[in-house]
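Quick one: the structure is below, and I'll ask about it shortly.
Order of writing sets the labels: A, B and C. Residues in every chain begin at 1.
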Amino acid sequence: MSEAMLRIAALNVDYGRCIDDDRLEDWPGFFTQHAHYRITTADNHARGWPAGVIHATSRAMLQDRVSATRQASVYESQRYRHVIGLPAVTELASVDPALRAWRAETGFMVARIMRDGRTELFATGRYLDRIEQHDERLAFAERIVVCDSPVIDTLLVLPL
Amino acid sequence: MSEAMLRIAALNVDYGRCIDDDRLEDWPGFFTQHAHYRITTADNHARGWPAGVIHATSRAMLQDRVSATRQASVYESQRYRHVIGLPAVTELASVDPALRAWRAETGFMVARIMRDGRTELFATGRYLDRIEQHDERLAFAERIVVCDSPVIDTLLVLPL
Amino acid sequence: MSEAMLRIAALNVDYGRCIDDDRLEDWPGFFTQHAHYRITTADNHARGWPAGVIHATSRAMLQDRVSATRQASVYESQRYRHVIGLPAVTELASVDPALRAWRAETGFMVARIMRDGRTELFATGRYLDRIEQHDERLAFAERIVVCDSPVIDTLLVLPL
């Protein structure tokens, strides 16, 4: 259990650094090929509403999003800094012992730093994940980013 | 040592999620029956003043507080998000090997998210804990929440 | 690997507590005798500019800085609270098995709490470290504090 907790914690560290270090092209590589990725609000999630501000159902869609982000003019004006807590982890039963999988839930805070130095707490929330192990590597088969705020900033250009 | 650090880190994760997920009725369950829980300021703590903004000396008092919170009108207007660091841990000597106990000290930040989306860094500080193991479970026998700010927000409705 | 990650995480916890608890005189003890310590911005770091807002090349220089801080009038008006993520760690090859060393990279957020209670997200960034083990103890041989903001607050009196 705590071995999985640490491995998933390390995965989250790498995930956050990838975004914060502006290596967005590597970001889809954290997901499985048919992964679901969604950013939504706590209110909408509690109501069971599937719609999200961002909704992707494959790694290819995430790659498209990165390309679009690189072309957005607002893009260079900001950076993010993730601080991610430790995950609460449950291993999922599997018929195939070679395919391990877990549910994880992890709180986060993201700061946004503008070009003029303004630093603000930009987003808080939790990651609801299904994580799979393929060939010793962990990847997100599902990552739902549940933001605490009912209002998601329209300047959401980088992934959370 | 690092096994205790991880177990206490996992306890803190569960503690923060319980509050942030609005499962307040579960919150007293993190404490022993005769636990002390106190929220105070760094200044008052340094002076040795025992008074706190909130001061409970049993789990039953914490349950009463949850009931009062549920009735407060201000309650639904806000949520918290905890990000809790790793604990610094010292095991306490015990005559009874079945009763293990530790001192732990852990930094935290709590964001408050209002209904209109305003998100702010609400409280920072450290947890000073005495943690006991009963039947393989860890619980707080004492949790002193030492807030860095000399001014504790009067809108402190949820526990820290 | 995850043993080193945990040891370095614990080192970072102790480092942050030392500053946040106002035990500045202990702070130089986290560094080797000839350690390099530098605070710089992400922009300057990316350009390879060596200059930093603060730049020390020995533990003695860090001790001098602490003495100067203790004499600064602005000093008592603020406290910090560090929340430090988990490190991404790479062990460095060494000819001497008794001298282990690692590179580590770790995200952080620091809040500043003023005497009147104002709490703000003061600095975010990452630590780029070279860490050495001497006599079972870990110490920073190099710590570059890369702040995300291009503007480093002129009120930077405490170390990051």
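Methods note: a residue touches a chain if its C-beta (ideal position, glycine included) is under 8 Å from a C-beta of that chain, and two chains touch if they have at least 3 such contacts.
What you see is a predicted model; the values in this text were computed from it and never measured.
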| item | value |
| --- | --- |
| Angle of the C-alpha superposing rotation, chain A to chain C, to the nearest 5 degrees | 120 |
| Proportion of interface numbers common to chain A and chain B (over half same, under half different) | different |
| Rounded Å distance, chain A centre to chain B centre (Cα mean) | 27 |
| Touching two or more other chains - residue numbers and ranges from chain A | 6, 83, 109, 121 |
| Sites on chain A touched by chain B in the complex | 2, 5-6, 42, 83, 85-88, 105, 107-109, 121-126, 148-151 |
| Contacting residues of chain B [partner chain A, same complex] | 3, 6-7, 9-10, 13-14, 16-17, 20, 79, 81-84, 109, 111, 113, 115-117, 119-121 |
